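Each structure below is given as structure tokens.
Common to both upcoming complexes is chain A, partnered first by chain B, then by chain C.
Our next item is the complex of A and B:
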């Protein structure tokens, strides 16, 4: 018998008249790990938000253990034992991990005050119980995206949820972290919990799930036992054709040094070891340098420093041989930097602004006549980009109403279209479906062929290994390896560098 | 977005406001029934009084004029996510500067001198508010506090001039000498005090609307207001957009004061700006910071005030009762607008 049954769920967003779910039937058995897959914008997040009480369906009902239930809010979902980790984090940066985890269910002292000690202790217990290794007294602001994901999971485990919904939990995790997460999920299943997991990586579907539901354009198009489908078939069900993540990397002529970091150091406030420790890095024209590292080892800081959003403590940064160490983001943009940030929701976009307004943030000077913004032209520009990158939706709607993958596509489209000679990518394909990722890889290879210098920061090793000409590994703020990606470099080898088991010191 | 759904959204917003309005009117009527011995007359004067003759109607609209300017000043700042709580002082000092310039040039041409005096008022407001912007840019001083403090201090200085060196001993008011008649703005609805500054107010609303929505500067201001990190990332000079919105806001406030002198008072009157700055905030809230909606919102405000006055004059209502009824409507409407504003802050994904 089905543990959870959603029947005839229909949801139309009135803001843009998008039919996100159409007569969706969705069933999950007790004690199973159930994968939910589909292209960007297929309606997966919407369905899960309905289950979690964040959105109200126009029609349709939910049954839990055979009983019809009404889920009007996340609070009610929580009472029914349903917990959700969102595609985008909902943590408070200035709170500690423990405070974030207990938020809403805080242990209190004398009926009023937050009992910090107890909160920390109980969170620490949950962390240990599930085999995570993270210090609950750290502030979320100091964490990497990977660690934030872990905190989100701890948060629902802390609430003792029976049904766990994970919306793209693996996108930001490294291979090892994903393995750890899967161990946790299997363990949770073994002790009687039920898990729904959304992912774009079909390999993960095969690896972790027992059954899989495929959505396309707001409808369920297939439900299968995972053992009976292969990745090709899944991808055919999702998009109507088989897609594979194959990138052709043709040898490119390496040109002049475009970006150089020389002995760059970044000291953190109150930290004993530097966040960036004498980093040397050179990116040439027509070269893609991929930087790999486990979260917390300096990638995020490298991103901030190279994009001009954070000043280095010492060392120099050069662009075409000229000093740019002290320039801010604005001046770097003027010099031709394009940048796709890992934090797409706060840094990469302005959620309540229209897609058009998001598209022109760095290029609105091109649409001016006598100080007046020519909306027509800007909207035309946005429409053309949206079409080229197959982003659904009118450019006049707020970007926050797009699906997670489509928001990312807007950011990528904008940055790839800007006229530059140097581009920084951080986690570019996080949240993209297979076809979109493939499309983005092709565009990246295209601009590399045009002689752009490209720096790619990614926790996805496959991505780096298939795209990069030069591979750099960071560990504890230091560059511990610099390898030419000849095809002989193995994932295992890079993994050893990433974990600090191996180190080349120049 | 399809056109009709945008209309529907607008309608939904208006519907919420109408419900609140209806409700607050019901409460107001109930209060009047309770407190007044001749409730029918009171209700009539309160709600319809301002429309019963040209004099009342014109004066009501004239009261709305400075509120349009202060409302616009607040909207410009809010749209950029900076706050200006110093409106009172900026209006007040603008009025003083206009008066001083007109008094210093008693024989100048009406147009040239008038323009110079308004420019002075705007510059004064702009400098006062812009100072808070600079403080924030240089040292991160919270503009919420600095605008208020600077404005309060300036209030005392203006008081000193009006009651001291500029005080006209010939009149019994706490007010300065009167400016020369060639500076008076032409009346447009006699016998009321309504004058051409009402036209300026409508023009100003249109200009601010255009600035925010159709210009480069407006785009950058709005982007900074919505997401500063994103704007910085995108290459916008974000620190400039702490100062500029405050400068504009201050200039609009100063202009409100200057026009009040040229159009209505013809002198600087002590404490005349009392409440104008705060009411500007409420007007902007009700208008959801939309410059075009600021005009009707300001008229709504002026209507409440004129109604209360009319009821006091023609019925048995005391000042206190009129004030209570007025504030019930005022607070309910403002609370509804504030609630909406806060809810829109919450980002949905």
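Our next item is the complex of A and C:
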């Protein structure tokens, strides 16, 4: 019998007229790990938000253990034993683990006062009961991403959840941390919990789940026993056609050194070790250098330094052999250095400006006459770019109304439209669906073939391994590995470098 | 007077004068920790100041005056809170509006009620003074900490209670959580806005008391009697590093500068305008020093 049954769930977002869920039926058996897969915008998150009481469905009902239930808020979901780990952690860095866990259901002394000792003790009891090892008196800001996720799980176990929903839990983890998470999930299933895991990654579906529900465009298109489907079929179900995640990487001729970092250091306030520690890096024309690393190990700082948004503390940066260390972002652009930032919503675009304005922001002087913008020309330029990059929608609407994939395409179009010999990509496909990711990959490979020097910073190992010619791994601000990306480089090996288990001193 | 007697009396006066800073800043700390910039402290204090002395004058009871002054200030705070939290007005604009409204409303009401646009005097007894003969003999302590009016001691009790409420109760934990990460608090099924509204109401309470201290001490209402003390209290919150103890220190510094300004008007041959500006000068100086200190600390780390 089904443990959870959602029936005929329909949800329309009136703001943008999107039918997020259309007559969705979704069933989970007691004691299973159930994968919910689909591209971005397929409706997975909406369905889970409805289950967790964050959204109300327009139609449809939910049954738990055969009884119809009403879930109007996360509080009611919690009372029914449903807990959720959000993709972006909901933790307060300045609080301790114990404080984060008990927030909202605090143990009380004499009817009024927060009982800190009891809070610590009962959180420690939960930690022991489920076989974690972490000190509840630590502050969350001191934890690794993997540990933060453990805290999120402890948080819902403390609330005695029976059904755990995890929204893309592996997106920020390393290979080893993912294995650890999967061990935890299997253990939780073995002791009687039920787990729903939302994911993009089909390999993980095969590895962890017993059953899988595939959603596409707001509908459930398939429910299968995981053992009976392979990744190709899942992929076909998700996108509607068999999509291969393989990127064709033709051997390219390596040209001159375009961008060089020499002994670059960056010191941070309140940090006991440098954010960037004597980083040496060279990117040649026609070469794609992929830098992998777990969050907090220097990738974000490298992005800031190379894009000219942050000054290095020492060391030099060269472009075509000329010193550019102290140039700012504007001067770097003028020299032909393009940049697709990780934060596409704030740094990469101006959300309330139109698609056209976002496209011409780097080259608007071309459309000026007497200091006044020639709209017709600018719009023509924008329409041509939109067509070439198959960006849907009117270039006059605010870019914020587009989907994540289309926003990224606009940014890509803008950066490639400027005459450039170097481009920096940071997390170019983070959070994008398969189709958009593939489009981005194709463009990247195309410009590499044209002889651009490309620096790709990414926490997505698959991406780095399939795109990069040269693979660089950063750990604690240092380059700990520099490998030619032959077929011999395995994910596990790179994962060990990323976690600091292994280190070459180049 | 000998120099040390001057210093002693300055410190004694400062301990009294710091009261409105201390009260307003302590209340403002709750809103600050809940993640809202409360620039309405000035206006809330002014509302409390006006209604406390008016009701005390009408009823002849100081206690009723204090209570109704607080009630009026909390009502104004509720209005400010609903406009920002329910109607989603910009907190800064709504706070400014509250201050301007308070300033105008009190003057208009004073004129309507008493046909007087200037200082309105009331026949009131003075606030009860705490004197403990047994302790009076103790040097320093007796001279500095005793002999203030009752509201001064109430303000100390409020600061002590705030330490407990902010750091030792579930309410305090949730309030601080709201300021640090409201979506997290909401994801746990709590209502961040409830804690923000609570913070605003608490600031209304303490500002009402702060206002009452000012007008009941004088037994008079002077237009815009708060003269920027709410703003200085806001500064005290930041100088005090957003902790109750830090606020006590910062408020004392401002109290001392005002006490000195009062003393210097009679004793020193310095232009009166400069002396009156002294507390504000100290405020600016304190902000600069604080900012330099923070930069220094960040660099040392």
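Basically, the second predicted complex is superposed on the first by the 315 of 506 C-alpha atoms of A that agree within 3 Å, B and C clash if a C-alpha of one lies under 4 Å from a C-alpha of the other, contacts with A are read in each partner's own complex, and residues count from 1 in each chain.
As a working rule, a contact is a pair of C-beta atoms (placed from the backbone, for glycine too) under 8 Å apart; a residue touches a chain by one contact, two chains touch by 3 or more.
Owing to the predicted nature of the structure, the values given are computational and were not obtained by experimental measurement.
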Partner chain(s) touched by A:168 [first = chain B, second = chain C, both, neither]
neither
Using the touch definition from the top, say if A:86 reaches chain B (first), chain C (second), both or neither.
both
Which partner does A:375 reach: the first (chain B), the second (chain C), both, or neither?
first
First (chain B), second (chain C), both or neither: which does A:301 touch?
neither
May I ask you to name which of chain B and chain C touches more residues of chain A?
B
Just chain B (first), just chain C (second), both, or neither: which does A:362 touch?
first
Identify the partner contact of A:397: answer first if only chain B is touched, second if only chain C is, both if each is, neither if none is.
first
Can A:106 be said to touch chain B (first), chain C (second), both, or neither?
second
Touching partner for A:469 - first (chain B), second (chain C), both, neither:
neither
In the overlay, answer first, second, both or neither for which of chain B and chain C A:415 touches.
neither
If you lay the two complexes on top of each other, which residues of chain A touch chain B in one and chain C in the other?
86
Write out the stretch or stretches of chain B touching chain A in their complex.
1-2, 5, 8-9, 214-220, 222-223, 226-227, 229-237, 344, 347-349
Write out the stretch or stretches of chain A touching chain B in their complex.
14-17, 86-88, 307, 309, 328-330, 332-334, 339, 341, 345-353, 357, 361-362, 364-365, 368, 371-373, 375, 394, 396-397, 400, 404
Mind pulling up the chain A residues that touch chain C in the complex?
53-54, 73-78, 84, 86, 90-95, 99, 103-104, 106, 108, 112-114, 269-271
Interface with chain A, chain C side, in the complex: residues 164, 168-170, 172-174, 176-177, 180-181, 183-185, 187-190, 298-299, 301
